[in-house]
Each structure stands twice: as structure tokens, then as C-alpha cells.
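Quick heads-up: structures coming right below.
Here chain A shows up in two complexes: once beside chain B, once beside chain C.
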Partner chain A sequence: MPAKYHIHVRRVPPRFTPLAKNAIIDWSEGCLRCARCVKEQCPVDAYRKRGFDRTQFVDTIDEMCRDCYRCVQGCPRELIYKVVNPQYRQLGDEYWTPEILSATWYQAETGKIPVSGAGYGGPFSGPGFDSLWTDMSEIVRPTRDGIHGREYISTSVDLGRKPMFLLFDEQGDMAWTTPPLLELPLPILLAEPKLGPNPRGMQEIITLAAQNLGTLAILGRDQLVPVPAQALGQIMPSYSAGALELEDPLLSQVRAIEMLDHPALLKQVEVLKKRYPQLLVSIKVPGDEKVVDRVAELTAAGAEIIHIYATEKARGLGGFQDLHLKDLIRRCHLRLVEEQLRDTVTLLFSGGIALAEHVAKAIICGADGIIADLPLLLALECRLCRQCTKGGNCPVEIDLLTTKRGAQRLVNLIGAWNNQLLEIMGAMGMREVRRLRGEVGRAMFLEDLEKEIFAPLFANRETELQKRDPN
Partner chain B sequence: MEVVVFACQQAVPDPEALKSLWGLADVRFRVLPEPCSSKVEAFQLLRTLATPVDLVWVIGCEESLCRLAEGSQRAGGRMAYTKKYLEEIGLEPARVGRTVVTPGDQAALRAAVAEIQDRLKSLGASPLRQAPQSAARRAAP
Partner chain C sequence: MAKPNKVIALPTTSPGQLWEPVHTPGRFRNTLSKYRVYRNESRCIKCGKCVELCPYGVFTKAGSYLRRPKSYLCLGLECQKKPFHCVANCPAQALKVSVHPVYNTLGDCRWNPDLLLSTWWQAEFGNLPYTDLEYRTGGSGGGFDRLRLLFPPRRGGKNINHDDISLEVDINRRGDGRPNIRVSVPWYGGGMSFGSVSINTILSRATAATTFNTMVSTGEGGFPEELYPFSDHVVTQVATGLFGVREDTLQRVRMIEFKYAQGAKPGLGGHLLGDKVTPAVARMRESVTGNALFSPFPFHSVYSVEDHKKHIDWMKEINPRALISVKVSTPTDVDMVAVGSYYAGAHVVQLDGSYGGTGAAPDIAKKNIAMPIEYAIPKVHQFLRAEGIRESVTLVASGGIRSAYDVAKAIALGADLVQIGTADLVALECLRCHNCESGRGCARGIATTDPELVDLMTIQYGAARICNMYYSWSWQLKEILRLLGLRSIRELVGRTDLLMHLDYFERAIDDDIRGK
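Moving on, here comes the complex of A and B:
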């Protein structure tokens, strides 16, 4: 049995104090000077260890506090309060919420799964990925404990074209050369985010992280930094429409490339594959109203990998701007199922994948793998202030981050995501992420539940109303 | 030069609007939203001033309008303590200041910004900027 795939996480402390969700208001004036002050009984000794962050002008006690409320409840004069920190509330936007940002920072720092405490205080359902639940009916089986279980849960995925059948000659040998296939140990690829104060530094960080994780880093060919020879196998250069030149030396050094879709693409891929038959080609397609037909067309024409991209808020493009990524994935997947082509091609999706649960849910909806981009920037302590897009200075100095430190934070984040994927699969009774793809039988969609449960109720209600008042 | 304003979220519900009132391009104007002006403690004011920042200001609610009942009053007490402390150690107490406004009163915020600008003009750059120790500290990563 092959060794278990393991991601080596290591704590990388933040360079800037993360903004805490809650702030302590400490009114020391009027203190009774109790013999044993509640501040001395703090389980994390926050009152003694508190300091001052010179760059952000904040009291570090808020970041150290674990919200146990012991001091708030214990002070006899009620001089300590906890309130929501307005600086925290201002982080991110309506999709990339402060909770997503802080959870990403925690995972990038520790490599651990964020645990929010006892119970869940959030809403029952929400838009997008929050309207999809996974069936965790196997959660009690200890052998399928995702991370530490005795049974191995595989997170490996294959990139490339899979033949629909095999053909053997009279000697029993393969009658044709099978298309190239690339096995990745996890269904997550890394890509450059569109934001960031130092794109070149980001490329180096992502390349090193991809090398450590054994996955691929998708990097723009136009601005590509010199890549060390040992890392060439881990990068997937991305070419803009019509920018590919057959003489590019990188084509013989890498295992896969990405090309932006354009009308003459299939012809170009054909010429490319003749010259570099072992090179995998991923076709990047916008997730607009034409995407479903285009995916079917490309698959029928022999595409190996198709990368469909949505907006950073998990919405489609153009005429599909109101469509959530999960529905976009479902449509593309189901169309290929109808055409009996689904198993031949690898579908990758990007845009709006913000949390570990989104990885599992995207795969359940029909993706073979996902491409993480913006979370990688968040892992480097980004506050999503978008100052870099306006020519301003980065408040957390991402441009000064060393490659090694940044790469380890990315490894930590993906390590935490991978562990959560294992936990979800373990609880669902799955042992292969390949089998999770399109496995909607083990998931529940809010819209389906509403149709099955609420629609009949409302239908009956309408009948009753009609009986009472036929006019 | 640099000015740091600790702004109570009730008194200054829109920190960006306050920033837009500033208008002096050569002075960095930072507005840090706080849950209440009483969140800012004396040590925080002093250490902010030692960064060095040229002027530290607190904008809070009028005492009778404070949502935490005593918060604004306590912030006033802390400000007085900080000024006294600065005086004792031989620094200018005017480097810290406080304004109370009625929440949502734009005219009062404009007046506060004008007051901050006047104070900065009269004081000039912080003498701590010339101190070699602070210069070295600022340069350190």
C-alpha cells in the first residue's frame, strides 16, 4: 500500500496582529482592587501579556482573548465589557466576509481546522454553497475517521483525457498509446490571484507551495518569473488567447499548460499535441451563458481538461451573472452526463472558492477539482482592502514577505482544507474523492427540499383557499 | 506628518467620510474605528504618540449620548490623565486631543477636522521624530 499523502504543516505566526472579532473594553477607573482580580485568572493570561501593535495602533489583548467571558462575568464592579470590533466588521465585503478572512488567517497560521466552539449559531441555510448539505450519516464509523482513521481515504485526482475503451492487439498489448494522465494527490490547484501588491513574489510563493504540496501552480506565461528546474513539473503556464508559440522552450519542460478559449483554439491544440503529445492542455472557458454548450463541444472534440472560471464572488459571467457557481458546475456536469462524455474529461472550476467546504461541495456538484486563487492571497494576511488595485501601499506589506514563509502559510491553508475534505468524506462514508464527484445522492439541496416539503403544503393551502372562495 | 484618530463607531459611523474631509495631502490621516471612545486606554494614546505620530485624537459621543452610559465620560478622564502625564514628562500635552460630537452630526465632524488641522499647524512635527532612538525604532522591521 502506498504511503498516505500527508501535508507537513508548521506554525507560521502572522507578521501583523490579526483583527479580532470582539474587543475588550476595560474600565480600570473605579476598580475595587480585589485581592484576586479576575484579570489574573484569565486562562490565556491576556491581561498580563497584552501589548501594543505599533503598525496598526491596536491593543493586542483582543487578538489573545478566547472569548470565554470569565473576566466579564467575574468582575464585581462590571468594569469589563466585550463588544464587536468595528475594524473587524469592515474587513472584506459581502461575499468575502470577516469570518472567512479570519478563518483563512487561522488556517494559514496553524494548518489546523478552525473550530468555532460548541453549537452552531448561524442561520439554517443561505445562498450559494450554504444551500447544500452533505449527508454525514457515516459520521460514527471510527475506521473512517478522515484524518487519523485506519482506512486510507484517497484525495487523488487525475487530470487528462480518459479513454472510453481500450484496444489490444493480437499479442495482448495496447493497440494505441493512451493519452497522458497526471495524478495529483489532492483536488486543489493553485493559481495567481488577480490582486496583490507583488505579483512576481506571489508567483514564487505559489510555485514553492505547489512543489511542497505536489499539486500544480497556474501562472500567467506573460509575466512568468524564472522557475527553478526542479519546480518546472509543478507549474502550469497559462497562455492568453492566441499567445502560444510552438517554439516556447517551456512547452517541452512542463507537464501541462492552460490556454484561454478562442474560436481557433481546437486547431491550435491539434498542432500543439502533434508536436508535444505528452503535454496536457487545459482550456480556460468563461462561465457565461455559452459555457454549457462550449464544454460539450470541447469535450466531444477531445479536450483533456477544461477550466471554467466564475467571478470572485462565485457568480457566472455575462448572461449567467445571477447563476451561482454550484449551479454552473451542475449544468456543465449534467450536460456531459447526458452526452455520455463526462468520464472522458477533467473539469476544473475557479472563482469564489473561499472555504474548505466549498471544495467538497463543488466536487459533489460535479467538479473534478477546484482552483484556489484569492484564498491564497488571504493566507498571506491580506485584509482585502484592495489598496493594491488603487496604487496604494499594502497595509500588511505582502510585498516584503519572504518566499519560504509565504509558501509555508499556503501549505498550512491547503493542509487544513485537505483535512476538512477528509473529515467530510469520512463522515459521508467515502474513501475516494474521485467517487465524490457528482455524488448528489449524498447531498441535499435546499431548493429540492423546498419543492418536496413546502410545495405540497402550499399547494394544499391554495386548494383550501379556492374551496372557500372559488372566485 | 501623521495624525491618528481613534473614532467611536457611534460618533463616526462612516470613517471614510471623515477621511474625505481631511484634504491635506502631505499629512497622513488615519482613522481607526473603535467600539467606544473608552476602548482607547491611556497607554495606547501614549504609545501611539511614541510611534512617533504627530497628533493623536479621540472622537467620541457627547457624554449623555454614550451607548455604554459611562464610556465617553471615562474617555474624558483618560484624556485628562494622559495630558497630565505628558506634561510631567516634559512633552507637549496638546499632542493629544479629544472632541465629542452628537452621533451623525456632520457639521461637528467638519469642525473637529478643522480643529485637528489647526492644532497640527500650531504644533508642527513631533519632536520625537528627531530623537535618534525613535528613528531607529521606526526603521526596524
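Moving on, here comes the complex of A and C:
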């Protein structure tokens, strides 16, 4: 058995007080000066410990408060309120919700799985990944203990072309050299986000994190920072369409590269592979209306890795702009299954992967692995104010963050994600993430449950109800 | 002007009633509310007109001193149309009624502010609020919150009296010679262990269960001695960690519950954080103070349905009079699991959905693993019927049953009865802050074992609050049955024709029973 893959998380406290969901408003006008003020009885002692964060103009009490409302309910003059924090509600956008942002901050700080008491309090379902549930087993054999595992659950994936059979010559030796294969210990690759105040610093942070995690960092070739020699194996330079120079020294130093799809791409890959046979080539394809055909075509032509990208909000591009990433994944996956090519190629997806559950669900829908980009910026305390895209200053000073500290926050986030992936697989009784790929039988889709269970009970009852109640 | 009845006049009970509501106000000085009645002290001339006018008792006087307005009793903005509207009638324009700024910070999607406030109301008074608070559903936007009861157009039940309506359910339907348990209401208390909640919470629930002739589960944390007097109304849980499971506790009860999985963390083990393992908890669980306790997943002695039968046989051998319940989560093959449990000898199959409470669970598990309970109930009900064994097994639904309407909907979808947990805690003034697991536990003294915090609540208060809520639920269920023209809760089982899902229906459906 291989050594157990372990991600070393270590707490990295935030530099800025995170915004809390609710805020305390505490009037002093009319205060009776009770001998024993409710503020002194705070179970978490928030009133005594509170401070004022001068850089942000934030009262730190909101972050410490645990929402017990004892002060709100105890003050004899009702001078203390909790109100919705408007600053919190304004974080992010409709896809990157404040809840996603704060969950990401927590994981990047602690490296821990978010745990809470009481039952699920969120909406029944939602679009995209929120419209499917993963399976579990009441009885599993052999036992799985998730993250407390005594038995090993593997999260390794292989990048590259997988031959469907082997060929031997008359001497019984392999008749051709097997294509290169790169095993990553987890199905998550890192890529630089499209925004951020300091892209070069971000490249360094992502490279170091990829090195610590043993995964790949996808970095744009054009603006690439000098990468230390020991990290070259962990980067995957990304070339824009047709911009590849065969003499580029990086090509002999890295294990994999990414190329943006263009009409003459296959020819270019052929030339490239002739010169660098051990180099893995990932083809980056936009998730538009042509993607399914293109993926099939590229795979039939021998593509090793295909990276399909969606928008930041997990939607397709062009004619597929209404299609959610999960459906995009399913279509590409199923097409290759139909053509009996699925197992030959590695499919990676990016765009809108925001939470750990999206990793598991994308894999269930048919991805071999996913590429995280924007969450990496959020891990550095980004609040998605997008000031950096308008030339403004970063309010959380991501540009001043040291590489080491930033990288540890990324390692923490991905560590927490990987543990959550283990929990999901443990619940199913699965021992390998490779086997989770395309296993839609181990998921429950909202549309199927509706069709099988609720529609037969509730659909087409208009006439019956008309009879009951003519009005 | 004739005043409407003051709210403090509690519903009258009829003979044979199990409980008479006792006015039990909240433990905290300011009861949370939807509206805020604000009196500007510098303007008020202390004429006392508001005291005289308001029929709801918002304003009270002690001698010439005007007490602070009790905002939670206020009818709210609706009151503007009334002749006794305090704001309009105040000679000094000192009064203001507006939505309380705290209102929007309360609860979450499932237990939204209205549902919390109306449940607290029921626990205080034993009846439904006369304000515009929604008491039937939460705001999750799906499942129970989109299902409606379909009352006949000319609402039935003119000649049915509440006294003629039965809420009783028989638990043993196997006909295997073991004694039956007949509970008087179609719900019983779900497992909450000693450790996850305080002993006062446990005893409050046990008292209410006994008063209403139903049961309460111990959860996986042993059988505290204080519970012995309630033994006939206690279900003891055998879960994967086997904490506190002893031969004498198993022999003490009428029903034993096997917990295979829990809806809030399906496929994952339980976890009691070290802070909550006080000396008393450690003694009960035969472990060490301050050490976190893991309850593993799954049962490490059960790898097949044959092993499962062996487990059940073992319990049946230890306690020859006990009924066996099997608590499972809701995977894709939940219907097969239910059938398997029946053939292994279970009397009760309990489906636990993911909205249910827990001491601590990963957020990812609560949100994503296993299907919503609303789908699982009809799936299993229909499958058991197709197998021809539906009449021989009792189907219990749990994990997210928040109101009397959820009870009715779960039963109409195919359950025989339900198990509730969080609703009991909300009656004890839980406000769903989701911090049960951290540090000393619940700062409101409900889900904690910290001696100082436990003392925030007495058993007398707790039992009365839960009984009041049970009383209100019983009344609502009887009223629902009456309006449907049914005489027994048994007649509602599987009656999906009495339900409608708003996704499949365009017109509004009114299933309010207040003042009907």
C-alpha cells in the first residue's frame, strides 16, 4: 500500500477581521447602569474582548459573537440589537455568495472541515450542483471511516492517455512505448484566477502550494514568473492559441503543458510530441455549443488531457450559456462513453468550482478532476470587490501577502476540501476517487426524484381539483 | 367596545384531554418578536390610554408606572385598521410600531423567523398566534414548504367533534406476540444523547412524552438514572459506538432503537467534542473526561443483512418484550433497506432525513449526502406496499419535522408517525444559532452539559413549554383531520390525494386553520 497521502494544514490567522453575518447595535442612551450588566454575562466574553479594527472601521465584536441573543433579550431597556450586517450581504455576487466566501475563509484559516450544530438550515435545493445529492451506504464492507480512516481511501488520479490494451511483439516485449502518465495525489489542480491585485505574486503562491500539495499549478506562459528549479515539475504552463515555440526551454523542464484549442492544434501537438515524447499536453477547450463534438474529435485523434472551461459562475459559453457546468460535464462524459473512448482520455473542468462538494459532484457527473481558480484568491481573504479589475487598491492587501503565508492558506483550503471529498466517499463506502467518476448511480438528481416520486403524485391533477373546487 | 379575549385566556380543554396548557413565558427578559412597539418616554404623558385600549396586553401598568411594552403580543402592522390601534389613539404621539430589526437576523431557511416565533408562541400559550406569523411552513422553498393540504371546498367535518378524533397509533403491527405500544399522538421524541443536550432538556422531554403518552429516545449516550422513572416512555438507542449500552438499560424499555445512520451525517460517525465530555457524561459513556468521543460508521459488526438480523435477534433475546426500531438514513436504495429491515425482524423502520438536528456534523454532509425526507417517505411507503408488507411494519419519518403541518404532510406522504427533535428544542427557546457543538455548548442552556449553563433552565419550565407545544400540535392535527372529514390519524396515512405540491399547481392553496 502506498504511503498515505496527507496534507499538512496549519492555522494561518486572517490579517483582516472577517465580516460577520450579523452586527450588534448597542445604544448607550437611556442605559440604567445596572449593577450586573448583561454585557458582563456574555458567555463568550465578547464585550470585554471587543476591539476596533482601525484599518477597516470594524468592531471586532461581530466576529466573536455566537448569536445567543442573551444580551439582546436580557437588557432591561432593550438597548442591544442584532441586525443583518449590510456589508456582509453585499459580499460577492449571486453565485459567489457571502456564505461561500466565509466558508472559504474559514477553511483557508484553519484547514478544517466546517462543522456546525443543529440540522441543515439552507434551501431545499438550488440550481446546478445544489440539485443533486450524493449517496450513502447503511452497511459498507469493508469499513470506511472517512477522514478518521483506518483504511485508506485513495484520492489519486492519473493525467494522460490510457491505452485500452497492450501490444506485444514476438519476443513478448512491449511493441510500443506506453504514453506518459502523471499521477496526482488528489483530483484538484490549481490555476491562477483571472483577477487579483498581484498576478505575479499569485503565481508564486500557487506554485508553492502546488509543490506542497503534489499537484499541478496551471500558469500563463506569457507572464510567467521565474520558477525555482525544484518547482518546475509542479507547474503546467498554459499557452494561448498558436503561441507555442518549439525552442521554449520550459518544454524540456516541465511534465505537462496546456494549449488553448485552435483549428491547427492537432498538427501542432503532433510536432510537439515528436520532439518531447514525455511531455503531457492538455488541450483547453471552451465549454460552448461545439464542445461535445470537439471533445469527441480530439479524443478520437489521441488527445491525452482535455480541459473544458466554463464561466466563473459555472455556466457554459456561447450557445451553452444557460447550461450549468454539471450538465456540460455530463454531456461530454456521456458522449465519450457512447463512443467507447471515455477511458482513454483525462477530462478536467474549470469554472465555478466553489466548494468542496462541487469537486465530488463534478467527478460524479464525469470529470476526472477539477481545476480550482477563484477560490484560491478567496483563500487569501479576497472579498470579491473587484477593485483590482478597475485599477483600485486591494482592501485586504493581497499584494502585500508573503508567498509562504499565502501558500499555506491555499494548502489549508485544499486540505479541507480533500478531507470533505474523503467524507463523501467514506459515506458511500468507496475507496478510490477514480471509481467515483461518472458514477451517477451514486447520486440522486432532483429532476429524477421529481419525475419518479412527486410527478406521479401531483402532476396532471388540475381536472380533479377543478371538480373539487370550481372556483 | 367589547374586547376580544385576552391571549392569556388559554384554550379550554375537554374531558380526557392529556394536558391543560399552562402559560409559560420565555426565560429571557425580552421575548423576541416580529414587531417592535416603541414608546418615546420623553413624549409619553403616562395617561394610560394604551393600557386601556390594547386588547392584547401589550401595555401594562403597575400603579401609575407604565411597564415596557410587550412587543411580542402586538398584532403588528395589521392593527392599523383596528379602532383600538394604539399609535393612532395616543394623544401624545409617543408610540410607534415597526418591524423589529432583530426579526430578520433570526433562524435560517428551514426554521425561518416566523416559524421560530410561532413555535415559541405555541410553547408559551399552547395555541396558535393571532398575529400574522406563519406557523405551518418555513422558507426552504421546497419539500414540506411547497406542499399544501387540500381541504375540501366546503370544509368538511361539520358533525365531527375533536373528541371523536383519534390521534393514536399502534407501533407493533407484526403480530409476533410481542406487546403493542399505543402512543396517543403521532409523534415521539428523537434521540438526543446525554452529552449533546443537558439532563434538564432530557427530563423535560421525558415528562412531556409521558404526559402525552408517547415516547422519547435516549440517543447514543446512555440511560441516565434520572430517566428510570420514565422507563415505559423511553426508547433506548443502540448505535455504533455502543456508548452507555448495558443489559439492564436494554431490559428497562419497551422499544430499542438501532441507529445505523443519522440524517444529518449519513454515512459518517458521531462526534462529541471533548469540551462537552464532562465527568458525568464520561461516567455515563464509560470514557475519559475531556476526550472527544467518536461513534464510528458503520456498525463494525454488521456487514450484511444477515449480520443485521443477528443484531436484532440478539436484542430480542436480551429483552423479550421490547419492540425493535431500525433508524436509517435515505440513500438511493432506502426502499430496499426498509424491506431488508422488516425481514430481519424490525417492528419499526425509521427514515431520517438530513434536516434533522445534531450535536455536530460537517456542513457538507448535512447539505449534500442522502435524499430529502419528502422523497424518501413515498418511495418507501409505495415499495413496502408493493411488497405486500406495508401493513406489518410501522414507518417513522424524522429529520426536519418542524410543525403540526409537517406531521400531517409526512403522514399523508406515507409515514405512520414521525419523530421530532429540533422542534422540542425550539420550544425550549433554541434559536438555531448552530453553535451546539462549540466550546461549552449551547449558551441558552439547552444543548450543553456545562453546569452553569444547564442551570439556565428548569425541568418544570421545559416540560410545560414542550407540553404546550404538543397540545397545540394535537389541536391542529385534530382540526386538520376534522376539516378533511377524517376521524383518525390512521386514515391519513398515504393519502397523497389530500396534498398538493405548488410546483405542480398554479393557483394559491389556503390551508390555514386559524379562525376557520
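The definition used in the following text is that the second predicted complex is superposed on the first by the 419 of 471 C-alpha atoms of A that agree within 3 Å, B and C clash if a C-alpha of one lies under 4 Å from a C-alpha of the other, contacts with A are read in each partner's own complex, and residues count from 1 in each chain.
Simple rule for what comes next: a residue touches a chain if its C-beta (ideal position, glycine included) is under 8 Å from a C-beta of that chain, and two chains touch if they have at least 3 such contacts.
Just so it is clear, the model here is predicted, and its values are computed rather than measured.
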- Identify the partner contact of A:45: answer first if only chain B is touched, second if only chain C is, both if each is, neither if none is. neither
- Message: Quick check for you: in the superposed arrangement, does A:297 touch first (chain B), second (chain C), both or neither?
- Response: neither
- Query: Can A:90 be said to touch chain B (first), chain C (second), both, or neither?
  - Reply: first
- Message: Just to be sure I read the superposition right, which of the two partners does A:54 touch: chain B = first, chain C = second, or both, or neither?
- Response: first
- May I ask you to decide whether A:447 touches chain B, chain C, both, or neither, giving the answer as first, second, both or neither? neither
- Message: A:222 in the overlay: touching chain B, chain C, both, or neither? Say first, second, both or neither.
- Response: neither
- What is the contact status of A:26 with respect to chain B (first) and chain C (second): first, second, both, or neither? first
- Task: Determine, under the contact definition given at the top, whether A:343 touches first (chain B), second (chain C), both, or neither.
- Result: neither
- Task: Could you tell me if A:133 is touching chain B, chain C, both of them or neither one (first, second, both, neither)?
- Result: second
- Query: Which parts of chain A are touched by chain B and by chain C alike?
  - Reply: 25, 81, 83-84
- State the interface residues of chain B toward chain A in the complex, per the touch definition above. 4, 6, 9, 15, 30, 32-36, 38-39, 41, 43-44, 47-48, 51, 68, 70-71, 74, 77-78, 137, 141
- In the complex, the residues of chain A that touch chain C are 21-22, 25, 30, 43-44, 66-70, 72-78, 81-84, 103, 113-125, 133-146, 148, 355-357, 360-361, 420, 423-424, 426-429, 441-442, 444, 449-450, 452-455, 457-459, 461-462, 465, 468-471
- Message: Applying the document's contact rule, which stretches of chain C touch chain A when the two form their complex?
- Response: 26, 28-32, 41, 68, 101-102, 104-105, 107-111, 140-143, 145-146, 150, 152-153, 260-261, 263-264, 266-269, 271, 294, 296-300, 302-305, 307-308, 328-329, 331-332, 337, 354-372, 375, 378-379, 399-400, 422, 430-440, 442-444, 447, 453, 496, 499-501, 503-505
- Message: Touching residues of chain A toward chain B in the complex: what are they?
- Response: 23, 25-29, 52, 54, 57-59, 81, 83-87, 90, 400
